[in-house]
Amino acid sequence: MAVAESTEAEAQTERAPAKRPNRLFRNLNAKIASIPMVATALLIFVGCTAWTIYHSFTKSRLLPAPDKWVGLDQYERLWNTRRWLVSIENLAIYGICSLILSLVIGFTLAALLDRKIRGEAVFRTIFLYPFALSFIVTGLVWQWILNPQFGIQGVVQRWGWESFTFDPLNNADIVIYGILIAGIWQGSGFIMIIMLAGLRGIDEDIWKATRVEGIPAWKTYILVIIPMMRPIFVTALVLIASGIIKVYDLVVAQTSGGPGIASEVPAKYVIEKMFQAQNLGQGFAASTMMLLSVLIVLIPWAYLEFGGKRRD
Amino acid sequence: MTDATATYTGPHGPKPKRRLSPTNIMLYGTLFVVAVYYLLPLYVMIVTSLKGMPEIRLGNVFAPPVEVTFEPWVKAWAEACTGINCDGLSRGFWNSVQILVPSVILSIAVASVNGYALANWKFKGSEVFFTILIFGAFIPYQVMIYPIVILLREAGEGISAVTGTNFRLMGSIWGLVIVHTIFGMPILTLLFRNYFTSVPEELFKAARVDGAGFWGIYFRIMLPMSLPIFVVAIILQVTGIWNDFLFGVIYTKPDTYPMTVQLNNIVNSVQGVKEYNVNMAATLLTGLVPLVIYFVSGKLFVRGIAAGAVKG
Amino acid sequence: MKLRSLAAAFAATALVPMSAQAVDLEVTHWWTSGGEAAAVSEFAKAFDATEHNWVDGAIAGSGGTARPIIISRILGGDPMGATQLNHGRQAEELIEAGLLLDLTDVAEAEGWKDIVNPSSLLDACTLDGRIYCAPVNIHSWQWIWLSHKAFADAGVDVPSNWDEFVAAAPALEEAGKIPLAMGQQPWQSSGAFGVLSIAIAGVDAWKSVNIDKDAEVAGGPVYAKVFEAAAKAREFAANSNVQDWNQATNLVITGQAGAQIMGDWAQGEFQVAEQVAGEDYTCLPGLGVNEILDTAGDAFYFPKIDDPEVEAAQKELAALLLSPEVQVNFNLKKGSLPIRGDIDLSAANDCMKKGLEILASGNIMPSGDMALTPDTQGQIEDLMVEFWNDPSYSAEDAQARYAEIIGDAD
């Protein structure tokens, strides 16, 4: 990465106009204009993150208490808290399912739309519109549709199938899937668009070639197209993953974490510990764990994406 | 992927041969079924919001309204209560507008200049800050939320002290505008940087020879030719900011709550029985702005999110 | 009475001269249900009758949603004029950080020490001898509300204590009723548990757990009975799929559920539904087992604002909140008990009168809010909401976890 950077910097100096003697004042306007970016990068992304990580080792209650150092106590308590464990488990289930489903649904829909069908624009519009809606709206709508008395369950029962039960939002064992249904509804269209862009980028000749060879379409997709679309899949994967860890509004609107603590998620735990339970230290520890899990996803990706080639 | 959607020339997939082949039936059948799943919530929202409460209690969410009433819409917009404030969602709507307009303008102005500086005026260290910025996009917000509260408070008090006013950033619309600018920066900067990089170098050099400086080139050359990317950025920001819940709930106060937060409040402050029709009308009202943008801007919207995503 | 409140207004204005300026005072609170909203508008009316304006900052949800907003605003340097908070340990750190207005002078001018009954309410507002909040009402958790209609439909008598209720529950179930209505918000689960523990384990055991933080008692045989009772109550509430407390109350009001364990604020909902205590519903203090009331309550805190005019208005509001007329009007609507014993509440209904009697008899105790930090309360809430909603969570396991939390409490 370092090598790549320096070559780029060289490329830049070549391009950079008129060289003036004083290095600090060269490009002064550009530097001034970049102050917001530099400030955001350093103060917010680096500074605030470091601040939070540091305070996660303290016994901060309502107010940050930098001098009350307690070492790993907050983390110990965190990992002994059922609610946190449930949150992590939920995130894992939600994460894995939504990752797989989003990719599969997104790709399948994109592949279907790519088959020169009539009314492609109409279908595309239908699949994508939920993405324009907020998670709050999404959560509330699905809360209503999944309402056991009036929603799907009630309707099917009234059709005569009396023993039919489908009440995910009030069943602790499957509530997370109720949220998943809503999450997929909101986000899969977006993945479809990305996949579609990827499919459209594939050379027409490849299709021609496989047709000449007589390879069936599904085989072409699996053996040729998907491998070719690897970068697109990686991008989609990172996007979905970084969205998953942020899941908060959807749960707040749809279930408020209930029944019981069955649909709690880490983001909600953090916010509540920080602002409700007046235990900042605990909230900071939990958010640091969230950061850690993001890094686990991010670092391999960054390596793949920027490690080999730097230019995009 | 320099421009994901520029390649939207047409479908590339294998061409289906006959109109009514089994493959075609399968194809359209699948698309149709999936379309129903995507459209169902919108349909349910609309019909529920047009029913009276007695009709809802009869209990079929899917049945069209027997007697169409606009009462719930009126109530949701102007009468629904949170506490003793019974002015409905209208207040939240105007708050959202007041938050939206400066946030969109400021964030795009800052990010476009950033992108321009990064693309054409690189200075030592600019790439480092840019990399931090991009990584910052993946840090869970929870990690930075609390320190930002402190920063906003201090900055607000600093401004008050300097100007001798009672200016506040925390809890005011301006605080939220800054937060949106900060968190919109990574993606937008990336977007603009990539766009400006693709501008022919000769143009830039010619302007330099003519003696134009940093701002001169930005305003006279870059701005006029980058209308499309501005439209994309606007769409991205308008929908993102309008749909935000987390920042709204933390950095504003009830007076300045954006619409999403107020929606969640109205729906969750139950007086007696839940009025599902009013809730659904309120939900639709909140989703209206991004939906309208989505349907009106059509392909541009797709282009916007694809650009924001594929490159991210 | 008029004279007194006039005097009160004078006393308050006299504190800071030059306070003729009208001030818009934003007041945040989380009173958003029907009865609550009616009660809080009594405050607003009274305050608007002075030259100032009440700017309502209701925050929906529950204290759990509202408190963080309130606190982050105070910490964020954008304080409201006044705010509801349960008194107790929640505000401790805010006071220590010097963010809340010292009301001692108002309290002295108004003679709060003499009129506030029980005095523990004022103690909860006091830190190092200074008074920082204005208590406005007494709320007690220790009630169970019974629907006459539900029991009539099931063909059994309305129970007069918890044991009778347990015995009658199967009949309710057979009649297709939910025996016990429960909302699913965490504070409701932990509140109901608190009520059961005081009624079943008794005050002494309760005190050694909540005040002395004795983990052995919390894990011991006396509390084991509480957890057994809670496990039973959990079965009774299995079909109660509502979120908010007032939706649960509504189940009792409409006779879909037999009973609800809920604080006396539920009263306001019965009132809004025009139900009559003793005819349509019955209330039993201390579950009819152990007639005692805890004296939690709501109080108003006044964040420090660097503006003499605002401060004068804040103090005026503080005095007003405790004035007799406002106390009567507010508490009748709210269903809570007034914080002063010297006012006439003849308009009170049966349930409130029961409460007033117990209060007069002195059979009272402090509330958990005052004894436990929000952090410990949060942990208990997490435990209870899980316990109440997960039938596979055994009473023993829950008790063990409970004892652990109490052991770690500070």
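Just so it is clear, A, B and C label the chains in written order, and each chain counts residues from 1 on its own.
Here is the rule we use: contacts are C-beta pairs under 8 Å (C-beta built on N, C-alpha and C of every residue); 3 or more make two chains touch, one makes a residue touch a chain.
These numbers were taken from a predicted model, which means no experiment stands behind them.
A.B. asks: Using mean Cα positions as chain centres, tell me which chain lies farthest from subunit A.
C.D. replies: C
A.B. asks: Which chain pair has the highest count of C-beta pairs that touch?
C.D. replies: Summing C-beta contacts for every pairing gives the maximum at A-B.
A.B. asks: Centroid from C-alpha atoms only, then distance subunit B to subunit C, rounded to Å. What do you get?
C.D. replies: Centres of subunit B and subunit C (C-alpha means) sit 40 Å apart.
A.B. asks: Where the centres are mean C-alpha positions, what is the separation of subunit A from subunit B, in Å?
C.D. replies: That pair's centroid distance is 16 Å.
A.B. asks: Two-or-more-chain contact residues of subunit A, please, as numbers and ranges.
C.D. replies: 271, 274-275 - these are the residues of subunit A that touch more than one other chain.
A.B. asks: Two-or-more-chain contact residues of subunit B, please, as numbers and ranges.
C.D. replies: Touching at least two other chains: 250.
A.B. asks: Counting only residues that touch at least two other chains, what does the list for subunit C look like?
C.D. replies: 69, 72, 75, 243
A.B. asks: Quick check on the complex: what are the subunit A residues that touch subunit B?
C.D. replies: 5, 8-9, 12, 15-18, 23, 26-27, 29-31, 33-34, 36-38, 40-49, 51-53, 64, 105, 109, 111-117, 120, 123-138, 140-142, 144-145, 147, 149-152, 154-155, 158, 185, 189-190, 193-194, 197, 199-202, 204, 207, 210-211, 217, 220, 231-232, 235, 238-239, 242, 245-246, 248-249, 252-253, 266-267, 270-271, 274-275, 280, 283-284, 286-288, 290-291, 294, 298, 302, 312
A.B. asks: Enumerate the contact residues on subunit B facing subunit C in the complex.
C.D. replies: 81-85, 149, 152-153, 156-157, 166, 168, 170-172, 249-250, 253-255, 265-266, 268-274
A.B. asks: Taking the touch rule as given, give the residues of subunit B at its contact with subunit A in the complex, in rising order.
C.D. replies: Touch residues, subunit B against subunit A: 1-2, 4-5, 7-16, 27-28, 30-31, 34-35, 37-42, 44-45, 48, 56, 59-62, 110, 113-114, 116-118, 120-124, 126-127, 129-130, 132-133, 135-148, 150-151, 181-182, 185, 189, 194, 201, 205, 208, 213-215, 239, 242-246, 250, 260, 263-264, 267, 276, 279-280, 283, 286-287, 290-291, 293-295, 298, 301-302, 305-306, 309-312.
A.B. asks: Residues of subunit C touching subunit A in their complex?
C.D. replies: Checking each residue of subunit C against subunit A gives 64, 67-69, 71-72, 75, 90, 92-94, 97, 184-185, 241, 243, 373-375, 377-379, 382-383, 385-390, 401.
A.B. asks: Inside the complex, what are the residues of subunit C that reach subunit B?
C.D. replies: Answer in residue numbers: 26, 28-29, 31-34, 37, 40-41, 44, 55-61, 69, 72-73, 75-78, 80, 243-244, 246-247, 250, 272-273, 307.
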